[in-house]
Each structure stands twice: as structure tokens, then as C-alpha cells.
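Next come two complexes built around subunit A: one with subunit B, the other with subunit C.
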Partner chain A sequence: MNDLAVNLEGVCKKYPHFTLDNVSLQLPTGGIMGFIGANGAGKSTTIRILMGLVYQDRGTVTVLGHVMPAQQAAAKRDIGFVSEDMRLFKTATLAWHMEFIRSIYPGWDEAHAQVLVKRFDLNPAQKIKGLSHGQRVKATLLLALARRPRLLVLDEPTTGLDPVARREVLGALMEVLTDDRRTILFSSHNTLDVEQISDRITFIDRGRIIDSGDKEAYLDRWRRIRLDVPAGVVLPSLPGAVGGVGRGGASGGGEGGRVAVITTGQFDSSMTAAYQRAGAVVHAIESMTLEEIFVANVMSRREGPAL
Partner chain B sequence: MNTPINTPISTSINTPINTPFNTHMIKRLVVKDWYLQRGAIVPYLGWGALALTLLALGGEYWFFAGSILLLTLLIAKGIHLAMATVIEERTGQTLSFVMSLPISPMEYTIAKVLANMLLFLTAWMALSIGTIAVIAGREAVPDGLIPFTAVILVDIFVGYCLILGVALVTESQAWTIWSIVVTNLLFQAVLYYVSHIPTVAIEMKGAEVVWSRPVLLVLLAEAAAIVLTLAITFYLRSRKTDFL
Partner chain C sequence: MHSDFVISQTDGRPLYLQIMEQVKQRVAVGEWKKGDEIPSIRQLAATTRVSVITIKRAYLELEREGVIVTQHGKGSVVANTPTLTPRLHEQELAAHLEHAARIGALLGLTPDQLASRLRDAAARFKEDRK
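Presenting the complex of A and B:
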């Protein structure tokens, strides 16, 4: 599949206390993938593997047509990488860093760099050690964006930013999205940021990809159904119902109470019909935020039942 | 902005991927380390000038003080460089920035070794030439001391290569500190051993520079140790699978 910017197949990496287990991930060229997981879920390890910074024990990784890690130098010519734990040289100025990157990447766009300097309210003459965390992240992002990479890999870039800095960073990323040749992989545990800019979603938990797909389809198929359940009524166990919280003890597949809340990742109208046939009254069908979907997905996987 | 990196952009970054090494990127990284560490050379050269002045003053006491200061400076410079260019890059989290650039881990290692050699040898050469010039120029100091001095100076370079190698392979502050301890013990051992070789002990007090067989053998062993240390460093780095 030549139109895949990123393709991971069966990737494994074993550490003493963590294992990345059989990770497969496909990101088409021009796609914007939100890579969501809790802290320690394996997001950074996956990203480091696809950047060639950590070698996988098993599996294949292809980035922009280059086999990783063997061809990482060639692949990284077209990748802009920013991670939350990335630091610049504190004794050098931002201007020095800009010049350093310009000397490496022929595609460096100085005009765009100057626009970003103004937008991010940065002072090129300032040494990195004098920058706040937010300014440092914006400086790092500037260095990645101004080289006009084909693939932008962002590992928790908005972590620790104040609301204004976060807005500025997301704004810059939104602008990048207008170029549909640009591919972005955006990892975060902040689902709100991911929801704003991504068109594809991948969830990772405990070193395993637990779900991946189109964001809109995701949001469409996940619903929270509130039911009034008369005493004695047994709710049917339906595929995709990943749990329920009930006052009076009702739950997905459970029995009796006053109110049941069913969360499903495979919602369609036949589901509510089935509950109604069982004697329950559908009180409300609610859309879910990405965060709610993520938490429901993770918790259901950890507790066992398949989606 | 007049920095060393402000040079014309090379297009060699677009060389085919089957080119053995990206020399453009290696050069950029060497220049980067030179730029970031160049200021740290100046104090060593300044103190080195003071050490050479002490050597040149005359009198056994000043000569001894100058020698100790000189050796201390060279050893400290090596430790400083390995810590600042390798360990600090990891602990300061600038390694992920560098490794995100279009380089392979092996190119990074080559650049790091070259930059360190350039930075260390700049100070080492200047102070070594100065030391030998002072010995040759002073009547009171026998010229026969020059081969022994060369052995000591090269031994410091061997120790520096060992510290750099350990830093590059382990990227660990603790391991690097232990390598400093071991290197200094080895340095003292070599100093003791060579100075107690009978021919060397006699010739170092003579007026003539004599490159005796034992001295040449020690220098050869030191050269071999440098090559071996760097070869092992490259080999072990080539087997690494985690670079962050």
C-alpha cells in the first residue's frame, strides 16, 4: 500500500516492565491520526519505534516508504518530530537553532518561520534557557513546522501548556491541516486536543492497540443509552454493550432497578428496539465525547468483555 | 548572527540513501558541538598558559606545580567534554532533538567522536606543544624528559578516549564517573611503571632526547589502546537498539 505514510505491522518491543504487543497501525498519506492512551500505555514507545529511535524486537515498520530503522536517516528528512520531553540547547538562542535547522533542511521556509515567530510571540535572540515551558514547546514546533515536513509526528506536544499556549499550538496545527498532503500523527492523553484536529483515532492501552478507525464513525457508533427499567425486567445482553451504571443495580445484561445506563460502541436503532421489547423504556440516547469513549473502551477491555 | 553554522546550505542531504554516511549531517553535528563547547576551551587554555608559565619559571617547586596543574587541566578537560557533549545531551533531553534529525545512530556516533577529538585535541595539542617547547627551551630541565612527557601526554589522551567510549556506550553518568576513577588509577599505574623502567629512568635525566625501545613500545601500546577503545566503542554502539 503505497499511500500509507506510516505502516506498522505486528510490532513488538519487550522491556522488563512493559511490553508493546503486536502493534499494527496504518496512517494514510494526508491523514491526521490522534493516538490516544493513558500515561505509560505505549504511545511514546510506538512513536520512537516509528522514528527509528528505538528498534523493534519483531514486526515491520515503514515510514514514508522507508523501512525502519534501517533507512531512518532518509525517512527523517521528511519528518518533523516534536515530543513533550524534547529539549533544545539551553545555552543557544532560538535564532541559532533556526539557523542550525535551516542548514540541514533545504526545504526550510524562512518566511513561514518568521510568521510563526510572530504568531508564537517568540524572541529569536533569546536563549532557550530563558524560555518558559510553553515558549519552549512553541519554539520546538516552529523548528519542525518551518521545514515543511511531509509527516509531522507529535508526541504529547500540548502537555503542560497553559490554555493560551495550547490554543496557539493547536491553531498552528490546524493551519498545517489545510495542506492535504501533510500527514500528522498526534499522540496525547488529552482527548479534547485530539478530537479537535484528528480525522482518525487509535486507542492504545497497556501496550496494545485496542481500537482504531475514522473519528466521525467512532463518534457516530458510540452512544450512551439511559433506560428506565421496571422491576423484574431483564435487559438483553447485546453485542457492543460495554457496561452500565445503574441506580438500583441495573447494568448491561443485568436485571431490575429504576435506571440503567448502557454504553455501546456498536450503536444502531435495533439496540433500543431490543431494550424496548424487553420492557425497558428508553429515556435518552446521548452522544459521547472522545474522552468518554476512550475511558469506556479502556475500562471494558480491562474488565474483559469484547466490544 | 555570526555563528559557525551560518555557512551555505549543502545539498548533500539529498544524497542517495545507499551512500555510506551523510557527511553533511556529520559535519553539521561536529560544528554544532564545536559551537556549543567552544567557550569552554578558553578557560582551559588560560589556565594552561599559567601552567606553562610555572614550568618556565625555574625552580623545582614551580616546575612540579606547573606539571600538576597541566596534567589536572588535561584530565579535567577530557572529563568535562565527555560529560557536556554526551551525558548532558541525554540528561538534558536534547538527544531526542538531535536524533530526530536525518542521521543514523552510527552517523551520530561518528559525529560525536569527531567533535570530541577536535575539541579535546585543540587543547591537548596546544598544551602538549607548549610543554615540550618549555622543556626544550629551559636549560635547567633535561631534554631527556621529553620522551617521558610524551608518554604521559599520550596516556592522558588514552584515558580520555576510554572515558568518552564509556560515556557513548552507556550514556550513564554513574558509569562514566566510574570510568574516570579507573582511568585515573591506570594513569598513575602507567606513570609509575614507565618511570621505573631502568633505561627510561636514566635517559629522562639526560641532556639528549632518546626514543628508547621501551618508550616506543609504551607509545605503541598507547596508540593501540586508542584504536582499540574507539573500535570497541563503535562496535558496542552499533549493537544498541535504544537511542532515547
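Presenting the complex of A and C:
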């Protein structure tokens, strides 16, 4: 299947102190997209717009073929949405909530709900106010998953979870995707989770999409190059080289040589060849984790107009 | 069933390489035999909690290396190449030798010294097996 479960084009939203600027992102059916960005980068605003909870000033939003926000009622029948600020009724039990959701959504799968209760180690008889943060997150996730929605939209689903709960949640999400008609979009600043389970990555910073696409291709473009720079050697300034020592024309010290570390988001072998031609020795070429890429990217943006 | 795939965060290698290595290991020891059907991409993604696209990439590379064969719409099986297992060992040996050469250089060993150390190790191994 190559149709799009989520399609945002040129979406803008202006607030007094924050602007979502021309956001476009595409998520094919059957895939899972990890949406990453620092705090306040615009992840939640984007998610609210695609859920029809906030209306965009400009741009088009289509979710499961429904135009948002106009057709949000129809769209929401097939979307399971979980966010941190989701309120459950404190004095009611989990079982009461399960019954409540079941009465609204015909797609509720009770057998699956019971499996999830066990797997998430929850007690349906317990009142919501007695649950820990992690249990509450798992309870809201259960309520969404047991409906078997075609699209899951999860705002920070693993934030604040202990390692075991995190593993259970990631497992439950990956299990959803054994059905290639179902799609997941989740935001996180846990880059480990995003790196592990995403097919696509969308990276947002200060209200703008920095990068959006295939995770494997994205990770493949980034490398850290460690160079030995002999005295007197001047490194060429290459496009795509960010951060690190020795960017843009820095030269070896007068006396001895030095070490330069270059981070690049546009790696190809011609880069190392150019450094070698300049007289540097390539000590190592390392692949990077999403965490390292994320930090390199955000830091270089804060330092100034690199890239 | 396949939950004994292990994803290491300290490994330092990309996830798809870790998956490839563990598939090769299963083939090399004979846990997955020639012609055996292996898990579908989405199945293995679910059991390893690793994205579909990463498993897909691992399978593509494994196919390119001749370890598995993917029949369109039918899933993947372990390749029927008779040289499969020796070839996997061959690759493993090459990787270890390269590693040894690098450490040897760090210690300042000459190629001859390195070779004699390897002969010693081989002799010790033979002795142990008696």
C-alpha cells in the first residue's frame, strides 16, 4: 500500500510567541513515524492540528482521507489518540473506562483488551486516582489500542515510563504494525525509542520541519569523521559539515598537528577524499546514533547559521 | 519464539547490521536450516521491537549476500547455497583478522610477530582439543 494515512501540506499556525511555519509531512499507511524535536519545537501543536483540536491558519491536513478540521468527526472514529494531558475520571475504575469506551466504539476488541490488561500488568478494579504515572499512561494506551484504530496518534507515549513498562509499550506498538493497514505517528524526545521503532523520522525545530523521511536513509547520511591534521594543513570547508572542531578552513597549529572531528549530514566518500587531498589523515569514519545527530543538529542551529 | 534476538545499545553498530549478524549466526549454527522459512519482516519487527524498515533493510542485504532468498509475496527462506556456512565463517574470520591486525599495530607488532602469535594460538587450540 502506498496511500497516505497522514498528509500535511504547508501548514501554518501563528501564536504570540510561537509560529508553526509551513509544516509538511507525509506518513504512508502501514508505517510508523517518530516525530522528534526539543521541548517547545512544535510537536504537540502539529499533533493537535492533525487531530483537529487546533485549527491551522493555512495549509491542508488530510487524515485517513478526511479533510481536517472539517471532517474530524468521521476521522476520529478511526483514530486512537493518546496524550499526556489526557484526563481519565479519577474516581472511576479502569474497568469502568473500558466499558465506557466499548459502548462508544463498535470496534472495541474485548479479548485484545484483556490481553493488554495482563501484558501491561494493570488491575481493572483499581480506581484511576490510585494509579502511578506509568500505570495511567498504560491505561490510556490500552483504551486506545483495544479499539484497534487504523491510526494511532501518540504524544510522548513512553515519557516517564520505567524500562520494563517502556519495553511493554514499544512491543504493543510494534505488534499493531503486523497489520500493514494500520499506521502510527508518535512524538518523543526519547531518541532511542524513535531510532528503534520508526520507519520514518520527522525532525522539527523552532516550528519548522528540518528533515522528514526514511529512517535508514537518514541515519546513513550522517557520519562523524575523525581526522589527524598535521601542522600547516588547512581543512577545506565542505557543505554539510556541522559542529566539531576544525569546521570551515581551520588550520593545523603552527607547531604540532591536531585532531579534528567533523560531523556531517551529507556524507559521501568524496568528502573524505577532499580531506585527504588537503593533507589530513582520516583516522575513523563513524556512524552516529539518532541522539548524537539530534544534538549535533540542534546545537549547530543554536550556534548560528551553519549547515 | 524469536525473542532471543538481542538489540544492544552499546554495540555501536547500526540496528540493521545487528539484525543481519544474528540471522547469520542462526544460519551458521544450523538453528535456521537451508530452505527453512524465516519470520516475515513484520513478524520479526514485532518480536524484536525494531522498525519494519530496518528489518527490511537487513533482509535486503542478507539477500544480496546470498544468505536468504525472498520470493515475492511469499516471504523469505534460508538460501540453498551449499557454500553458505563456510562463507559465513569466512566473513567472520576476515573480520577477526582485521581486528587483530589493528590491535597488533597499536602494540607495535610486526606482521611476522603477529603471524607467530596466530600460529601459537592455533597450536594451543589444537592442544586443547586433544
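Details
Going forward, the second predicted complex is superposed on the first by the 286 of 307 C-alpha atoms of A that agree within 3 Å, B and C clash if a C-alpha of one lies under 4 Å from a C-alpha of the other, contacts with A are read in each partner's own complex, and residues count from 1 in each chain.
One rule holds for everything that comes next: contacts are C-beta pairs under 8 Å (C-beta built on N, C-alpha and C of every residue); 3 or more make two chains touch, one makes a residue touch a chain.
Small disclaimer: the values here were computed from a predicted structure and weren't measured.
Bringing the complexes onto one copy of subunit A puts subunit B beside subunit C with no clash. When the two complexes are overlaid on their common chain A, residue A:86 makes contact with subunit B while staying clear of subunit C.
When the two structures are aligned on the shared chain, A:165 is found in touch with neither subunit B nor subunit C.
By the touch criterion stated above, A:225 is placed in contact with neither subunit B nor subunit C. Angle at subunit A between subunit B and subunit C, computed from CA centres in the superposed arrangement: 140 degrees, to the nearest 10.
Once the two structures are superposed, subunit B and subunit C can be ranked by residues of subunit A touched, with B on top. In the superposition on chain A, contact of A:23 is made with neither subunit B nor subunit C. Of the two partner chains placed by superposition, only subunit B is touched by A:76; subunit C is not. In the superposed pair of complexes, A:31 makes contact with subunit C only, with no contact to subunit B.
Touch criterion met: A:216 reaches subunit C, while subunit B stays clear of it. Aligning both complexes on chain A leaves subunit B and subunit C separated at their closest CA atoms by 26 Å.
According to the touch criterion, subunit A has no shared surface contacted by subunit B in one complex and subunit C in the other. Note for the complex: subunit A touches subunit B at residues 48, 51, 53-55, 66, 71-74, 76-77, 79, 81, 83, 85-93, 95-96, 99-100, 102-106, 140. Residues of subunit A that touch subunit C in their complex: 30-32, 167, 170-171, 174-175, 177-178, 180, 192, 195-200, 214-216, 219, 287. Contacts from subunit B toward subunit A in the complex involve residues 1, 3, 5-7, 9, 11, 13-14, 17, 22, 24-25, 28, 32, 35-36, 92-94, 96-97, 99-104, 107, 241-244. Those residues of subunit C that touch subunit A in the shared complex are 7, 9, 13-16, 42-43, 45-46, 48-54, 57.
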